[in-house]
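In what comes next, chain A is part of two complexes: it sits with chain B in the first one and with chain C in the second one.
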Partner chain A sequence: MIFRYLEVFSIIMFFICIFGLITCNNIVKSIIFALMMQTAVIMFWLTIGRGSIPPIIDNTALLDNTSYIADPLPQALMLTAIIIGISVTAVIITMLNTLFRKHLMTDWKAMEKAEDEAFKESLYGDHLKD
Partner chain B sequence: MEINALFILWIISGLFIVFESRLYRIIIYFGIFSLISSVVYLFLGAPDVAMAEAGISAFTTVFFIIFVGKYYGNQTNITREKIEINQFFRKLKGITLPFVFCAGLFALYIYTMPDTAASTYLKEWYLSNFISDVGGKNAVTAILLAYRVYDTLFEALILVVSVVAVVHMSHFSDSSVSDGHHSEIENSGMAVFTLRIICPIIVLFGGYLVVNGHISAGGGFQGGLAVATFFICRYMVYNIYDISVKRVMQLEELIFLSIILLSIIAVFLGAAALLPTAYLPMFQRAYLILMNVFIGLKVACGFFILFYRYIAFERR
Partner chain C sequence: MLTFFVIVPVLIAVLLYMLSTHKVAKFIAVFFQSALAVFAFFLVLSIHSEELTIFVGTYDDVMGIILYADALAAAFVLLTTFIFLLVSIYTLNQKESRTFWFLLFLLEAALIGLFFTRDLFNVFVLAEVSTVVIAVLLMYDRGKRSMFFGMVFLMLSVIAMQFYLLGLGYVYMMTGAMDMAYVAERITNMTRSELALPYALIMTTIGFKCALVPFFSWTPKVRVYPQAPTAVMAILSGLQIKSAIYLLLRFQGIFGVGASSELFLIIGIAAGLFGAFMAICQTDIRMILAYHTISQVGLIIIGINSGSYYSYIGGMYHIVSHAMFKTTLFLSAGIIVHSYGTGDAYKIRGVLKRMPLVAIGSIAAVLGITGAPLFIGSISKYFIAYDVPPLLNAATIIISLGTIISFIKYSYIFFGDSDLVGDIPVAERSRTIPTLILGVICLIGGVFGIWFIEFLFHTKVSISLIGYIQKSLIFAASVLAGLFIYKRFVKGNAFLVRFGAINFGFKAVCFSMSAFFAVILITVAFL
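What follows is the complex of A and B.
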């Protein structure tokens, strides 16, 4: 009976990650929570299509009762999602690195302040000099 | 029942990340989290996804460690501020409201959770038709390479785009280090000795995963990750930047073109219909193996470039 509602675990994990995303101040931590949210979603899909036998059929007698075989479609979709996730993560870390070079900090609020000041300076910098 | 215990461990490892503030520890906990999720995938009957998650988490951890190592190198004195009573209440408010929000959404999900199981029509259709339609024994590979090959093409395109974006969005404008340039890292003899023994086994394992992707768990992507790991080990052993990134990028784009051509010829134009039926199983097997080999090579090139960029440019 407990086994049937396994997808509740991944929903709990998803909301833990949302809680972490709201409360954390560090950019690296935010990226990690986003990755964890992706993992939770993947877990949800795989839990819905779960089965005790993986979808590798080397004996056609297995196909008589398909209720024990895992669903192959969510697995294929989630494999695609994982690859896209790592590609985007690599780009995000590069952008973060470029920002970090500029301000030497990884804090959301401090970074916002520094960016605002840099923007104001770019707007009124010449005026202040005169 | 083991799977319930694994799920509870999974959630505990996630909670560890929420309540930790030191970056190094967060990344190590993230590695543990990915390991546990990979094991859970295996228990849910998804060995392909489990393998991909294991390889991906290794690369993600390496990227983050490279970034955070520099972060700690630049920031010396991290002092903790004293929390006053006024600030304490503000912090409590900042934690309570998100908690109530998340708990409310979770309760809403539990209240509206569907009571019936998901439909199994598509699953049965795929499982009963893929052996005659596509060939091979792995249903996941059949869906990836034949039924939903359009998805796979765009996924390969996104990897190419991300490699180009990493090279062009970087802080450093030069595209490659001068050939034969040594890095400043000093290796320990023990690690080099071990890696020299492990390297050939890693390549063999990667090739095995790629070539056997259509009849067992694995495939182009997982094998490509293993082959890319070989290049990391090679860098660790010889400590030298002697492979031109530009050449590897050209190779990757060439392989991507050949993936598109192969899928157009075999799937979109339906070349199998022109063949006599006796040759059909051979054609199907050749298509699956060739496609897996191309995808594996492309993923290996892509991840080699990403790792190389991080270790040679972003770390400086």
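What follows is the complex of A and C.
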């Protein structure tokens, strides 16, 4: 039964993270929220392994005791997902590091303003001036 | 055989990375690319008789990982290999380092894998791989790179993929399988309210990847920001967005949640109208093209969701034709911007005189995208609006009108005279020829459109002459109306430029992502 609670908890955590992403103004915190979101999804996946019939068992006599056996597939898949998540986060943090050295800020609003100005200058030129 | 389509690009990538000092390396790459395209051609031919299924690993049936090719996947793979062939010819003489080529071919492998795989978790992995590769490719140019857009793109994609993973968790919980066909089989017994949550979660990701309307502004920005290499822009607009549409088709097939097609019709119309309007507002030629990607995706989504068979075929063919003309336009825009040193549609003049071959390819593509008679766009637009209700028909005509207005602005660059000089005054042959080939295909695909459709999608359709002439008359009237509107309202309108420059930040896109999710969830569960 505890696993049901975990399932609900992970979904609540998922949506709290979305709320955090929408409201938080700091890039570092946004990255942390994205990571937490991944954690929530991984937790959800691990809860669904119980109670199903694992594909590794041939012997049907064992099936009465399935409550003792966890489905290994979600765990294997989540290992992949964790690795992907970590590597992508590493790339993002590297980029943020470079950006921080350039602008000396970790603020969405200020950084978007600074970057957008350069972007608009190069794309719209003097059409926006008058 | 299918595994080779995924493995060969990876091998080419590694080979190029090792042999990069030799001049032969690039020709080997082009050779293997053409071989791949030829094999894809024969794959499409052979799919006609039977579909191919290959089990990866020792498990078979639903437990294993399956590569699967039907007519749809084969057509997409042919498109991918062909466009990558032309793009690799295009980048042949550029001074790109080996990392660029390595990543380019890795992206091809990921896309082909995405089209062939029938395992839902593989879709997640390959989509993440292609996202990371694209983010690195976008910031490739070391001299002037800005990491900001790449970072925002990567973060948004990661967040969007978490929606997919959560939805996939629900699917696995309900069906106990990852295989598309098996999931579709098991899902038929379930009620709509049970399916609403996973469907909404997965569709949020796919809607984000298709650049549908609530997420509008990050897509063009990421595609066009001036530091990105031209080849990457072309592949992003021409191919990567098609992989998202492919997934949309697949998942609509799996879930079969019929009523949401009305919702997607509305979203498609909104995307079409909004993309066309934003394109009218732009002053940079690459931005015009990037916003048009959104409006054409809107048209495709109208086509595949309107419920009639002809419309579906039209939508499918529009995917092909959009890939053709958008790649042509981006490649030629890259040459033009290099040559003139600016992308301003009001300043560039006289492309036809300076680079006639590029201009001819480009004009063919412009005629294709506006749906001029005999060109590729006219066939697909004809079928999209073949037997749809009048309201939808009107929507497609208005979207076409918007396309025509912004391409009237675009077409001015071909004529007149200009003395702007940029990096290279004259285009190299290796860059001109792919553009010209694609331009010619825009014409051939229109004239022999019915044969193309029969070859790619294995269905026989016919075009009635009267209906086609009617469409051509509508096109002529739209051109006249477009000229009038352009001269009267659009040209030199500062308000429109200011409107076109608005964009969403990171937090706003996160908000629209959750709003999109909520709308789909409510529509599917309660309406």
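By our rule, the second predicted complex is superposed on the first by the 96 of 130 C-alpha atoms of A that agree within 3 Å, B and C clash if a C-alpha of one lies under 4 Å from a C-alpha of the other, contacts with A are read in each partner's own complex, and residues count from 1 in each chain.
Methods note: a residue touches a chain if its C-beta (ideal position, glycine included) is under 8 Å from a C-beta of that chain, and two chains touch if they have at least 3 such contacts.
Given the structure is predicted, the values throughout are model-derived calculations rather than measurements.
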First, second, both or neither for A:A90, with chain B first and chain C second: first
Chain B versus chain C, judged by how many residues of chain A each one touches: B
Common interface residues of chain A - those touching chain B in one complex and chain C in the other: 11, 18, 22-23, 48, 52-53, 55, 73, 77, 80, 84-85, 87-89, 91, 95-96, 98
Chain C to chain A touching residues, read off their complex: 63, 121, 124-125, 128, 131-132, 135-136, 139, 146-151, 154-155, 158-159, 162, 165-166, 169, 172-173, 176, 178, 221, 224-226, 283-284, 287, 342-344, 346, 494, 497-498, 501, 503, 505-507, 510-511, 513-514
In the complex, chain B residues that touch chain A: 3-4, 7-8, 10-11, 14-15, 17-18, 21, 23, 26-27, 30, 33-34, 37, 40-41, 44-49, 52-53, 56, 59-60, 63-64, 67-68, 70-71, 74-75, 94-95, 98-99, 101-103, 105-106, 109-110, 113, 118, 120, 122-124, 126-128, 130-131, 137-140, 142-144, 148, 151-152, 155, 158-159, 161-163, 165-166, 169-171, 215-217, 221, 299, 306, 309-310, 314
Of chain A, residues touching chain C in the complex: 11, 14, 18, 21-25, 30-31, 34, 37-38, 40-41, 44-45, 48, 52-53, 55, 73-74, 77, 80-81, 84-85, 87-89, 91-92, 95-96, 98-99, 108-109, 111-112, 115-116, 118-120, 122-125, 127-128, 130
Contact footprint of chain B on chain A as seen in their complex: 2-3, 5-6, 8-9, 11-13, 15-20, 22-23, 26, 28-29, 32-33, 35-36, 39, 42-43, 46-58, 60, 63, 66-67, 69-73, 75-80, 82-91, 93-98, 100-101, 104, 106
